[in-house]
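Okay, so subunit A shows up in both of these, paired with subunit B first and subunit C after.
== the complex of A and B ==
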């Protein structure tokens, strides 16, 4: 019986314009999103490869970089020029872009930028610098393309409403509800039949479009998905189907409650706006108001002030002859301390940012859309947890580089390998200059070997079990929402009026 | 007669569920917008002033000699925040907020036997940061609740809610036949319906806007002077024209569709495709089709250009004067080279910037087929934020840089003791510069330029409205009553 009603619904839907619209919209949007995502992904991959190549280049080409110091009168201080040498002038590290981010972009942008690790003046510690990178036209961030997640979150949930708003209210208006229920059909069967019929007519075009999109994705040479990634995609698909089903039940519930189909439509659209647009945005707004994070510029000012305080303290105890324009008096011996303070400030605000994101996550979970977004980004390895994991690895890499710098410096401290600046010593005899060049290139070889052999700078991704551990709450919230909406739809249909 | 129909429509709407929803939604969004921007302007303004003061202080430190000023330039040039950021702040958080006009780079020094040491440094030039460091602090799946989002997304949505059954619904209930059986011309019915819907959406919208402004003015620290009110009035006008487009469109679809459910489906489809998806998708499509230079190409191009320049000067590897070139001539050569080098660097930076900007402009031009984009760009121009303000800021910088250079040359020319070979320490005037005489950069938000930028877009919106209304009119004239 259920199947009979479902079949009737399917025939009804498949003869209407709705199904054509759904097909066209799903196929065009999903293909477009995957296509644009692939273009974007290939660009990011290119940037990643460039930075990796630049790593070896930077360490070979400029093994010893010299800082020149001035005294306070602005004159060159000849004694200071030979002092400081930098070993690793610039290492760009870059996490390989995640292929699944094509489907759900999430926080990928935060994890996908070149990070520079370099040793600070004096050459004792590494610092993480994420400020400037040039791989892409940044101004284009204003046009962010829709991904699979957006299409399901916004477009499919809207389509679901279009399929359901007149399912019961419309039949009541036309009087066919009375006719149907006068047969030996229980109301529960009617609900299930209506659900199955409508759901299949929306899900089949969706799945066809998904298959085409996945085919596009799979045949691209850049994409090399293993079994785990396909499993993730399958889970993402199941989650999406649950999300669509949930909106379906909400639609049936409202349609059973209201007298007229137009009222049901208005009410459903209002609910849709609140669930998909208002609650997620308000979540972020609340989090932004509760956890205040200063802008990067303010943080930089704070870091500069801290550095100055430490330098001034050092100046009081032991005056220095070195003066850097735009910075002030410079003390090589306190540089590690300053760097530590800087990193501490940066870490503190990174934690604050995480806290703000977490809070917004909690608020947005009040809407099934929020739960769906968190689950989907988790499965696509672009969620908040993934970013936290990425960040912890970044800090690890910094520590590792610190150790290497110390080691290499010790190696270079041997007298015959003292790095000198040949460029600024033109009146030295030619032979000496040649010797210096030789030493420098030899040291370059050392540094390159160390970097290639010991510093791999690879990033791990969260494994599937860890992802599931992170998103279980969101998944169970979705199931809970699904159960609730089903029960409510059932109750509403049980006691709904049959006649106008 | 029109008023009669409009009044009837209005009363109908006022009693309806959708009106209540509209009022609540507008109020909630506008109040959220106000609260979200409480105190923001003051913070940004203070920060801006502090930074400008620091930059000027640094400049003041360079006034001990003209050469020092020539070397170091005016410092960082900052973009001034607009008081109306709450209207449109989408791009504001991502765009760079300053241009560097400072000295970066190399220095060379040598000492000929028996003479004092000579140091040559490069001079300041303009460089453009690629992005705002806050760019990375963005949150996914989040639309900033600014006026732009409320107007460009929510307003058409509400218009669809109010119009989808305006004609199709009446036809279904049979009241359309009754109405038209009176001695009412069809065009009046349409105009009446249009006015009814326009008023019942427009009035709650304007009230919500006023509450928003009241909150921001009294508690949010946003100063609203005559200038701001003029801009806000124009923004409101743009919003109402935009609303009219979608009401006319709703009436068009509603009169063509047989049933109101069909009309709702079509309208929502139009909304999703034309309003939500077109702006972002088309924009990124354009960027994918016409990419700017990759960093590799850019680097090798820059490297080649600089090599060409270096080949023109017999300056070797930064050595001092040789027997072939005597010291004074060498200094003059360096002076010329330093100037040319800075010019070249600045030119290379500007070329890249122009590339990027034209890429964005292409995207903006193409996305204008969606009125949602037009509204966004118009409101950004009128509010003095976003990309259009960024462009006018860059223009101001490009006006200022030659002015500053001219001042340096003039001052050097006015000093009789100077050898008039600027850009090397020995060649420029050594007397201190009076700080008050140096031209200073100030970014301004001028209504006339902003309005100019917005004018074409406003006209385009009016055109959209005229076309959609004419189509609705024509289609209603031949609509089936049964």
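== the complex of A and C ==
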């Protein structure tokens, strides 16, 4: 009997062209998103490989330079021996683009941006700078490209509502509900039949489209997914099916509660707008009101003021002739102190930011869409947790690089450690010339080698157990939503009126 | 008779659940969004002051920074505000450089901000369809359409009455939200709306009315083409998804396949190569100077001049090479953006977005305009200033100059750019109206 009802539902849906529309939308959208995503991914991968190879020789911006000067008497002046500050300007430290980002873009773009590690005006402290907002088609900001996640999150949840709003209310209006229940069929069986029939009508077109899209993905030579990635895709698919199912139950619940199908449609669309579009967006707004973090500009101003104070103190004790545009008076000796102060300010606010982020995550989870987005991006390795992991690795990388660069320059600057460079420079011009050429190539070579070694750094991705650890709350919330919506749908159907 | 049908249509809608839902959604969403966004704007404005102060302290005659003043309209209709340039640094002899700000909000990527464009463009257009989907086929199903048609009334009058009555019942909840939002905005203690703001807001409301009319007309059209309301709503939501989520969102990627540009990493690789080339050149110059110093036994004072000369030469060579590459890249991006806008313009939602962002000066063209303006100003400002490296060799006296404040385009200028999307919206609305009219003329009113 359950199967009979399910079959009737499927035929009903066929007749109203709902299935054809679903097929068309799912196939067009998913294939387009995977096809365009693959093009985009291959471009990003190409860029990544290019930059990675290039880094090995182009990364050292300005190798150390040695100058030797003479005093009025024509003698070599050891004090005037100066060296231009070596600016280690590494453009483009990249994380390898993640293949799964084709399915759920998430924060991938934020992590794919090149990272510049550059020094602070002659000090050798690397700074992480991840911003290059200008260099892309701005329409991507206005209209974000649809990926698998978007198709499920917005389009499929909407389709689900279309499949359910008239499931009970519509049949009651037509009088067929009464006829159906006059047969020897319990209400529970009817719910099951309706669910099976309706759910299969959505899920079969969806799964067919997904299989075609996954086939496209697997066929591409660029994609070399191991077992773990396929497991992630499987989990993503299961999560998506649960997400669709819970919207299905919400639809049945409202349809059983309302008298007319039109009313059910209006209520359901309002609920859909609130759950998928409004509540997840409100998360950040609420968190912002509760945890007050100064704006980036306020933090920057504080850092700037601190740096100026330190520089002014240094200026009072020992005036410097250096003025750097955009910075002001400059004292090389206080740079480490300034950097320390800056970091201290940054760390102080990093904690507050973390708190704000957590709170907004909690609020967004109130909506199944929020939980689904967190879970799906987690599985695709493009979530907030993945970004945090990436940042922690960057900081680690930066600290390592920092230490190596500092060490190297300290070595080069110690008089006793630089026999080749400054000690016993010959007075005779030709000998000095030869020596100087050697020195330049020696120094440049050293720094270059060090940077080269450091660049072999690769970023790790969160492993599946760690991902699951990060998203277990979202997954269990989805299950909870599913359970609640099922129970509510069940109760509503148990007590609903069947007569017209 | 027209009046009777209009009032009947209007009252019928006003007394339904969907009117109530529309009213609540419109009021709550608009108020929350206006309150939060104006709060954001106040913060942004305070930041702007901090920024100008900081930039004033670090400026000298060779280096200045120009800041773009935030406006309340860009806060309400965000457009590309998040990625737009806020400040530009101008250094003599160099191309303007955008001072990047770090975006500390990962949520804006996962869940887009609910601004007024979102509320009108997505939520209210959905409401428009809900108000229209059963206007014709619903009445046919109930049999009332045949009853009305039996009255001494012409079919054009009937559809016009339905159209106007339904449209006013849709506009009522929407405009209640807008009026409340405007009231909150005008009572905000820190926000002063200028004449420009008011007129832009007025024009945006006109655009919003047209946009909703477009979707309402589409609803009537589909309602006339179908025989059952449940079919009508399925078809309408399918079209709505296509117009609101599919066409605009696919457009940038489709434009990319038509007019491909290298990815940013490839571009930055090209820049690195060019930079390295210049760097090698610099190295050779430096070696030459070092040898000259040794050969001629120059003193520090003389050697310094040579060195600074090299620095000046190599930095400007580097800047020129890099800015050429960057400009070529930006030209390609502009072209892609234009193609993408063309594709997106097939959807009324994208047209409405372009219209509001042009009027609110948050369109991506406004960003390019700001940077171009700073470039013009730079050439003028530094016309007779000695360069940085020159002053290091022989410090000169700085002269006082009048500073430059960027002003957003005036309303007529904005309107000129917004006319394109506006006329497309008019076209779409007209097509739907004519289609609806034609379909109703040959519609079978019997159930």
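The rule we apply is simple: the second predicted complex is superposed on the first by the 395 of 500 C-alpha atoms of A that agree within 3 Å, B and C clash if a C-alpha of one lies under 4 Å from a C-alpha of the other, contacts with A are read in each partner's own complex, and residues count from 1 in each chain.
Following the convention adopted for this analysis, contacts are C-beta pairs under 8 Å (C-beta built on N, C-alpha and C of every residue); 3 or more make two chains touch, one makes a residue touch a chain.
Given the structure is predicted, the values throughout are model-derived calculations rather than measurements.
Chemist: Applying the document's definition of touch, where does A:304 land relative to subunit B and subunit C: first, second, both, or neither?
Modeler: A:304: touches subunit C, not subunit B.
Chemist: In the overlay, answer first, second, both or neither for which of subunit B and subunit C A:18 touches.
Modeler: Both partners, subunit B and subunit C.
Chemist: State whether A:154 touches subunit B only (first), subunit C only (second), both chains, or neither.
Modeler: both
Chemist: Per the contact definition in the header, classify A:44: touching subunit B only (first), subunit C only (second), both, or neither.
Modeler: The second partner, subunit C, only.
Chemist: Tell me which partner A:387 touches in the superposition: subunit B (first), subunit C (second), both or neither.
Modeler: After superposing on A, A:387 lies in contact with subunit C but is clear of subunit B.
Chemist: Which one hits more subunit A residues, subunit B or subunit C?
Modeler: After superposing on chain A, more of subunit A is contacted by C.
Chemist: Tell me which partner A:230 touches in the superposition: subunit B (first), subunit C (second), both or neither.
Modeler: Neither partner.
Chemist: Need the overlap of the two footprints on subunit A, from subunit B and from subunit C, as residue ranges.
Modeler: 17-18, 21, 25, 29, 32, 36, 39-40, 43, 46-47, 50, 68, 74, 106-107, 109-110, 113, 130-135, 137-146, 150, 154-155, 158, 162, 166, 170, 261-263, 265-267, 269-270, 273, 277-278, 280-282, 284-285, 293, 295-298, 300, 326, 353, 357, 360, 373, 377
Chemist: Could you please specify the touching residues of subunit B with respect to subunit A in the complex?
Modeler: 16-18, 21, 25, 28-29, 32, 35-36, 47, 51, 58, 68, 90-91, 94-95, 97, 107, 109-111, 117, 119, 129-143, 145, 153-154, 157, 161, 164-165, 169, 260-262, 264-265, 268-269, 272-273, 276-277, 279-285, 287-288, 291-292, 294-296, 298, 318-320, 356-357, 359-360, 363, 367, 387
Chemist: Could you please specify the touching residues of subunit A with respect to subunit B in the complex?
Modeler: 17-18, 21, 25, 29, 32, 36, 39-40, 43, 46-47, 50, 68, 74, 76, 105-107, 109-110, 113, 130-135, 137-146, 149-150, 153-155, 158, 162, 165-166, 170, 261-263, 265-267, 269-270, 273, 277-278, 280-282, 284-285, 288-289, 293, 295-298, 300, 326, 353, 357, 360, 373, 377, 382, 423-424, 426-427
Chemist: Given the complex with subunit C, which residues does subunit A contribute to the contact?
Modeler: 16-18, 21, 25, 28-29, 32, 36, 39-40, 43-44, 46-48, 50-51, 54, 57-59, 61-63, 65-72, 74, 77, 80, 84, 91-92, 94, 106-107, 109-110, 112-114, 129-146, 150, 154-155, 158, 162, 166, 170, 261-263, 265-267, 269-270, 273, 277-278, 280-285, 293, 295-298, 300-301, 304, 308, 323, 325-328, 353, 357, 360, 364, 370, 373, 377, 384, 387, 429, 432-433, 436-437, 440
Chemist: Could you pull out which subunit C residues touch subunit A in their complex?
Modeler: Interface residues on subunit C, with respect to subunit A: 16-18, 21, 25, 29, 32, 36, 43-44, 46-47, 50-51, 53-54, 57-58, 60, 62-63, 65, 79-80, 82-83, 85, 89, 91, 98, 100-114, 118, 122-123, 126, 130, 134, 138, 229-231, 233-235, 237-238, 241, 245-246, 248-257, 261-269, 271-273, 275-276, 279, 282-283, 286-287, 289-291, 293-295, 297-300, 303, 307, 329-330, 333, 336-337, 340-341, 344, 350, 353, 357, 364, 367, 388.
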